[in-house]
Amino acid sequence: MSTQIPGVSTEQGLKTEDLVVNIGPQHPSTHGVLRLITTLNGEVVKDMEPIIGYLHRSKEKMAESRSYFQYQPTIDRVEYLSSFFDHYVYVSSIEAIAKLKVPKRVQYIRMITMELNRITSHLLWFGTFLLDLGATSPMFYAFREREEIFKLFEDLTGARMMYNYYRFGGVNADLPVGWIEKCRKVIRNLPDRFDEYEAIVTKNPIILDRTVGIGKLDFQTCMKYGVTGPSVRAAGVPMDMRKSNPYCCYDEIDFDVPVGKYGDVYDRYLIRIAEMRESVKIIEQCLDKIPGGDTQNILNKQAEIEAARKAAKERGEDPKSIPDIDPDWLTQGQKINLMIYKPPAGEVFTACESPRGMLGCYLISDGTPKAYRLKWRGASFSNLSVLPELMIGNLYPDLMAIFGSLDVILPEVDR
Amino acid sequence: MSRSDWYADWFPRLIQWIGGLFGQDWVLPEGALLVLWAIIAFTLIAVAAQVAVIFLVLMERKVLAWLTQRKGPNRVGPWGLLQTLADGVKLLFKEDIINKGADKFLFIIGPAVFFLPAFVFYGLIPFTDKLLAVALPAGALFVFAISAISVVGIVLAGWGSNNKYSLLGGMRSAAQAISYEIPLVMAVLAVVLFTGTMNIADIAKAQQGPFWNWFAILLTPMSLLIFFTSALAEVNRIPFDLPEAESELVSGYNTEYGGMKFALFFLAEYASLFAMSAFTTAFFFGGYYSPLGFFLMEKIGGAPAENLTGLLQFAVQCEMLFWFMIKTYFFIFLAMWIRATLPRLKPDQLMGFSWKFLIPLSLVNVFVVAIEKYLIADSKGLYAQGGVPITLVQTAPILSTASNWIAWIITLVIAGVVFFLFFTLMSRLLTKKLEARLAQR
Amino acid sequence: MSEEKKENNSGNASNKETAEASAPAEKQPAAAEKPAASPTPAASAAKPAAEPPPPPPAGEYGQALEKAGIPVKHLGKDASGCEMIELAPSDVIKGATFLRDEAGFDLLLSCTGVDWKERRESVYHLFSTKSHKFLALKVPAENDHSPSLVPVWNAADWHERESYDLMGIHYDGHPNLSRILMPSDWLGHPLRKDYKVDDPRLVWNER
């Protein structure tokens, strides 16, 4: 009994071995192509090493070989679930370098689209997270709402997922006529739908059993690994770029930053549901406050001005005495030629609060039409690095709960 | 209750007629007739079961689609009726792959071992009082003995695949089967204790009369709940589908299987789902009896079902089959509904639920039923005394006499008190556990 | 001419000897391209070089670092108002520890390498969860070596691996400096400006 074979537990004379399972790169729960080399002792995870890079498409190198505008469509593919945010940081970094003035209406349109996109992203997370836990139905219900929002996006940008809608100093096109009303209609239903989800999930004893107290992530650990986004807020720290460093017009909007208490998987779930509700609140306020209101209103105003100018000209007065339309009502700031646009030399780091955390873009411009260096700071990259620390000592099925709750999206990790 | 009485008439004559075709005079002894009939009936039922299972798959897809606001299969055939057939044809034509390093023998035999018990079940299901292949005196015991074999198939498949996911799935399955077979048997033990027989046909027959005579009501609903929950675990359905756990183990034990071998797993799963629902019906939900306590044909024919003859007998058989199927499909639907609603448990929670909750509950349940038996059955002469095997001689519904009603109500009170105490204790323990967990959190 | 070259290239891929022989020949057009392409970046690089006459004002954190006795090169502010400072590799651990403990920059957002052709530097972007301020910390990489900041911010682990992988900056003291995005047998560092995409050696190694 006294002889101990290394690596073999001789407790009660049973010979046991660790099992190395190669989870992925193709696995239903890795949400893309992630490989986790996991050492299991029975079902307990002893060690885990994430291997990434299977989706590396050299997005940063691509930026150096395309003009700023040509690079824009590829941004959609950096993170395809919430690409409005990636577009926003990219566009706003160029706006910062070139000191382009952005009309307020554009800011509001950006806020509305970004918050809608946050909802779609969280909805997809909600569906897949529960699918990982074995509940199949929530996925379809979440997709129902997601599809409604996608229809709004399609009306607006012509695409369901790959929007390419923001432009330097503006947006591609104004809202379609009647879009605001349509958006209101969709948004109005959402809180009830969220109640519906919560009714089946939030107090479900199996969900509680699988998520409460699992994968606890405190603030110190978050900082240690650079974790941002809902995971940090679940740990009880209201760290939200929209509040702390307001961009667009978030400082004009009244909203709360939902904060958790324990930082476990369940809290992360609650935070995301609460964030969707907050997003609905933000969108409602934006729809009320958007300068110019519905596009029909702006078109009417423009026609009015033109008619007044025509009348003034006929009267022999100076047509320029009739004031222009409020510049804040426009969807383009300074008119620029996008194809050959050259921002001045300089560098900038812009960040925004994406559904997954702090999304940053570090851009160095050398005054040529191509970026000298562009770096994406994806939240998922750092959020993924905390996974081994959370997993070691937990059960293998907890991987689905913990990894799912981090809401990592692999294209953003690998870029 | 010999089953030879009704086919004794025409079955030997059929044999004789076939013999006559060959110019022989075949008069078979009773035993040979029984065996022959069992084989023929079983084959018929098994073929019917295959067809039923094929449509069960479609039903599952349609029900899940309905529950998740989709359309489900609707391209192949009218309303997608031929979808499963198309899938089957596809699976048949697939290349039969055995992966490198697999234990060939175990790999091949795994699906067969898993498949077999699911169809052996069908011989024991009392679809009607006459439509059943064999009325084994120890049927209930046999069912659980057989159902344990399917686990061996899963473990063989898991081990033989030479795949770590499969191995984990197989091991989980073994652990799960060991845990859930106990409450499953305990729930039936209550019924067996009460009726004094393990013959499934007799158990179904003991529930004659209006629906309050069904054991789900007569013997406390707990037995039904325990049985159905454990049956879900036994057939690896959500929330107990850990051996497959698509999002964790990538289908677990059948990861490496494709083509017809996979189809065997697939068919067997649905076949056992049907069988388990059928047994739930037979054991607890009044079997083939109508909830009203009488059959339409009995009213028309003016005689008890057993005494009807000819077309009326055929009609009453159809009616019994109808009621049996309705109830069985109700339980199947319930399983699908649960699948659409609940997430999956973790292995430790799964074990904990069985050992810490279901097994104590089933023990308490057996205790309550024992009291009930003492009050109702024992003294009221449901059985032929001293006969071996003990057979039911009950002719009227159990709850048809005032004394039995009183006994039942007394049992209800006792059951209420006992279960109340049990659940209070359990919830105390659970709250303590939850509090500890929250504190730990 | 170009067709000939193409043929040459395709032949090279299959034949190692000729590949080696033609490698310098291949480099030539690239070398010829360099002086032609250089004027624009050089001019732009000269711009910030030309700007210094009024040296960028010292920022809040740069001053604090100086007060603590750590020599800092102030680089002014970037376009979004984020302060930029440069620390010498020898001071970087000390300076980073100061920034983390005293200035409150508890969150390392990213680490990336920038290839300025004649030199390379790594840029760390820091965020303070207390003051909500960003800071860009630049560390020049001497001979492509730079001290690792993993001891200060554990979050730098993966980011430095990425920077090493794509830019080829070696972080001394990093616990596990290996490729993270590219396959482990990849040649070269793709984000460098002199990285050639059509290098015949870069045939994916199918194992």
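Letters A, B and C mark the chains in the order given here, with residues in each chain numbered from 1 onward.
Everything that follows uses one rule, which is that a residue touches a chain if its C-beta (ideal position, glycine included) is under 8 Å from a C-beta of that chain, and two chains touch if they have at least 3 such contacts.
The structure presented is a predicted model; accordingly, all values stated were derived computationally and were not measured.
Participant: Hey, which chain is the most central one here, using CA centres?
Facilitator: That would be chain A.
Participant: Looking at CA centres, what chain is most distant from subunit A?
Facilitator: B
Participant: Any idea how many Å lie between the Cα centroids of subunit A and subunit C?
Facilitator: 27
Participant: Round to the nearest whole Å and give the separation of the Cα centres of subunit A and subunit B.
Facilitator: 48
Participant: Please work out the Cα centroid separation of subunit B and subunit C, and write it as a whole number of Å.
Facilitator: That gives a centre separation of 67 Å.
Participant: Within their complex, state which residues of subunit C touch subunit A.
Facilitator: On the subunit C side, the touching residues are 40-41, 43-45, 47-48, 78-80, 82, 84, 106-110, 112, 114-115, 123, 125, 127, 129, 132, 134, 136, 153-155, 157-159, 162, 166, 179-183, 190-191.
Participant: Spell out the residues on subunit A that touch subunit B in their complex, using ranges where they run on.
Facilitator: Listed in rising order, the residues of subunit A that touch subunit B are 19-22, 27-29, 40, 43, 130-137, 139-141, 144, 200, 204, 206-207, 209-210, 212-213, 216, 262, 264, 395-400.
Participant: Help me check something: in the complex, which residues belonging to subunit A touch subunit C?
Facilitator: Interface residues on the subunit A side: 52-53, 56, 58, 60-61, 93, 96-97, 99, 223-226, 228, 237, 239, 244-245, 345-351, 358, 360, 362, 364, 366-368, 372-373, 375, 377, 381-382, 385, 414-415.
Participant: If you look only at subunit B, which of its residues touch subunit A in the complex?
Facilitator: 64, 67-70, 164-165, 167-168, 238-239, 241-242, 245-248, 250, 339-349, 437-438, 440-441
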